[in-house]
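Both of the next two complexes hold chain A, though its partner changes from chain B to chain C.
Moving on, here comes the complex of A and B:
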């Protein structure tokens, strides 16, 4: 798996856009909206390599913060300009409201690309990049408010271990969110989806990234991954409560959610 | 669904040679289109040119193979399957050959243009093991074409060689390369290309016997001029 992602790292984002025709961006947006993080949230994004979830999290928290600020100022109608100015100053150093995201990935190349993207897009505060294995996270117990893993869990050899680790590092009350390719039950759609996956995606891999085999692997790993109900059961086995899932695009992708109580 | 999966797995085991990736007709069509576009978009993607050649060569390659089969030297090449690689070439011996000999001029060409025969892509999408060798041979002999035609590896030189190869092999990839290659050349170069070089390349290509039927590895001592005459390539302008 490691070698697949080494060669894939640099062209990862281009390939994602080509394979999903840009729809993966919508899926990730939906994930963060479902998370609905408030300022002060500490997020751990596992297998988050190139930062897609992390950046969206930061954007979301920033806009929530701005809304909070606007609402606060609206209530103080009679502030002098001096007082308004001071208010903005104070919050300038806190545009994220103490929210933080730790991006953890097993692959150095993916993290490198992520850091470069962050710099390029102007994300500096509230972000950390850590090299680590989802099956054995380098963090203490009860640390994070939210744990996300977007399109990463299917590449983990021992999914049960990753889920146990997720449970361990989350604070009580913390939320587990998993965005992953899943099972399409609709028979017609399933055949079209298979056709596209097996016929088009490896070709895209060869033409765009010069790598047929890695994308053949990607398509095959999606089919081997447990379907919605099975994954739900595995998440429950790790100790999570109120485990639920939401299908996106008829099950091409699913978001699983669970809570540590 | 399970049936499809088994089918897929069976396909994977139809690997005819190391590096072979079996593909369906739809995949080949998509690859041909995709590689053509990508090669035009990014001329440094030599792997795309290679893929284009493999996916569109289904008529030209058997043709070439038959030409080789019916020629004594070509037949021997098909049997012995020689490969041109740095590890198999005795560079110091070739360098020691007299000036004007094939071996000496070939080595000079490699050094001056800073190229190596080892950078040729192995075939992936050809679904016949013998044809895979034919296209491999065509790729490895490309540098010798440069030497025989006296063309450097810049854009202009490559286009001229492509015209020659297009006429010689009929490979659609060569035809496309010959037709679209000049797109990125300056007008002055285009003029030279159109008035002198291409007509010469075409005439030579038509006049010459099949270049894949020459066992180059056994002719290193032969003077380039003599080999040109033998094959039927006119002296470069």
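Moving on, here comes the complex of A and C:
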């Protein structure tokens, strides 16, 4: 798995776009929307190498924070100039409202690409990049508000261990969110999807990234991955409550959610 | 292949049970319909165990009742109750719920358990208010039965009951219009409607008056109308302690009572007419 991602790291984003025809952006947006983070949330994004979820999280929290501050200002209609000045100062220093993201990935190359992207896009505060294994996270217990793993869990050898680690590092009340390819139940769509996966994707892999084998692996691993209900059962086993899933695009992708209560 | 291991675990875990809450104060019993889950069997779940290895929590504690354990629904209710305190500031939103969760020592992400428009928070508040009202009316009834208080005439009873219920809105009155609009969402209408009708039925039950000529549906409709219109008036009332609202309420209740007596007048007039006609018919036949 490590080698697959080493070779894939640089072209990861481009491949994502071409394989999913750009829809993966929508999927990730939906994930963050579902999370609905409030300012002050501490997020752990596992296997999030190139930072897609992390950046969306930061954008979301920033806009929520702006709305909050606007509302506060509206209430204080009769401020003196001094107070208005102080409010603006405060804004500058707290645009994220103390929210933070820790991006954890097993692969150094992916993290490198992520850091470069962050610099390029201008994300400076609230981000940390940590090298780590999802089956054995380098963090203490009860630390994070939200744990996300987007398109990463199918690459984990022992999914149950990863789920247990997720449970461990989450605070009580914390949320587990998993975005992953899943099973399409609609038979017609399923056939079209299979056709696309096995015929088109490896070819794209060869053409764009010069790597047929990695993408063949990718498509096969998607088929091997447990379907929605089974994954839900595994998440419940790890100790999560109110476990539920939401199918996107008829099951091509599913978001699983659970709470540590 | 993996599925085979799961069915037995699934069945026992069907009623999710959470951490021990041994020194939690018990919540007052609700009369609303959402209360059926207190006796779900916990089946020996031990939430504090180390997460290594498969869960082996079936140590046969099936007999232990949910005295020390809390179900998901109970925890959710606690969060919502804690969230009410933040409503005046944040409105009926996921933010208020997040703040509520924080005060209970939970992560703000716990607000994700609920809808982002605050529906559950509002419905929870309404059902709590209804429960409080029932308690109040129950106590009043006890006092009357013990002879320590006079039984109120129907119009006064209705007036006091509606006023007591509406007064519970006062701390949240600024954000209440927002709540009303959420309650009217198609998704929420079944629940909000059923909460409303059960409250109205409750009031009539305790009013216990049999002497009006209304039938059951009319009584329900009339009181619902009085309640809703008074609520709307209250939202726009800026008089001290809402005296305009209570005066409006008094007038509406009086109208309703008059309507009933007019109806009975009509009925007795009708009876008199019929008797007159019968007499005329007898006379004619003779």
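By definition in this document, the second predicted complex is superposed on the first by the 259 of 261 C-alpha atoms of A that agree within 3 Å, B and C clash if a C-alpha of one lies under 4 Å from a C-alpha of the other, contacts with A are read in each partner's own complex, and residues count from 1 in each chain.
Just so we're on the same page, a residue touches a chain if its C-beta (ideal position, glycine included) is under 8 Å from a C-beta of that chain, and two chains touch if they have at least 3 such contacts.
For clarity, every value in this text was computed on a predicted model and none was experimentally measured.
S.K.: Determine, for the superposed arrangement built on chain A, whether chain B and chain C clash or fit.
M.R.: Here chain B and chain C can both sit on chain A without a clash.
S.K.: Output check: A:197 vs chain B and chain C. Expected answer is one of first, second, both, neither. What do you get?
M.R.: In the superposed model, A:197 contacts neither chain B nor chain C.
S.K.: Please state, to the nearest 10 degrees, the angle that the Cα centres of chain B and chain C subtend at the Cα centre of chain A after superposition.
M.R.: Computed from the C-alpha centres, it is 150 degrees.
S.K.: Just to be sure I read the superposition right, which of the two partners does A:223 touch: chain B = first, chain C = second, or both, or neither?
M.R.: Once the two structures are laid over each other on A, A:223 reaches chain B alone.
S.K.: Is A:99 touching anything from chain B or chain C once the two structures are fitted on A? First, second, both or neither.
M.R.: neither
S.K.: Once chain A of both complexes is superposed, is A:50 in touch with chain B (first), chain C (second), both, or neither?
M.R.: After superposition on chain A, A:50 lies in contact with neither partner.
S.K.: Does chain A have more residues touched by chain B or by chain C?
M.R.: Comparing touch counts on chain A for chain B and chain C gives C.
S.K.: Quick one: classify A:208 as touching chain B (first), chain C (second), both or neither.
M.R.: First partner only, chain B.
S.K.: In whole Å, what is the nearest CA distance you get between chain B and chain C after the fit?
M.R.: Comparing every C-alpha of chain B with every C-alpha of chain C, the smallest gap is 15 Å.
S.K.: Find the residues of chain A that appear in the contact set with chain B and again in the contact set with chain C.
M.R.: On chain A, the chain B and chain C contacts do not overlap at all.
S.K.: In the complex formed with chain A, which residues of chain B make contact?
M.R.: 1, 4-5, 8, 21, 24, 26-27, 30-31, 34-35, 37-38, 45, 47-48, 51, 124
S.K.: In their complex, what parts of chain C are in touch with chain A?
M.R.: 2-3, 6, 9-10, 13, 16, 18-19, 47, 51-52, 54-55, 72, 75, 94-95, 98, 101, 104-113, 116
S.K.: Given the complex with chain C, which residues does chain A contribute to the contact?
M.R.: Touch list, chain A to chain C: 34-38, 40-41, 145-146, 160, 164, 167-168, 170-175, 226, 230, 233, 236-239, 241-242, 257, 259, 261.
S.K.: Okay, in this complex, where on chain A does chain B touch?
M.R.: That would be residues 190, 194, 198-200, 202-204, 206-208, 210, 212-213, 223 of chain A.
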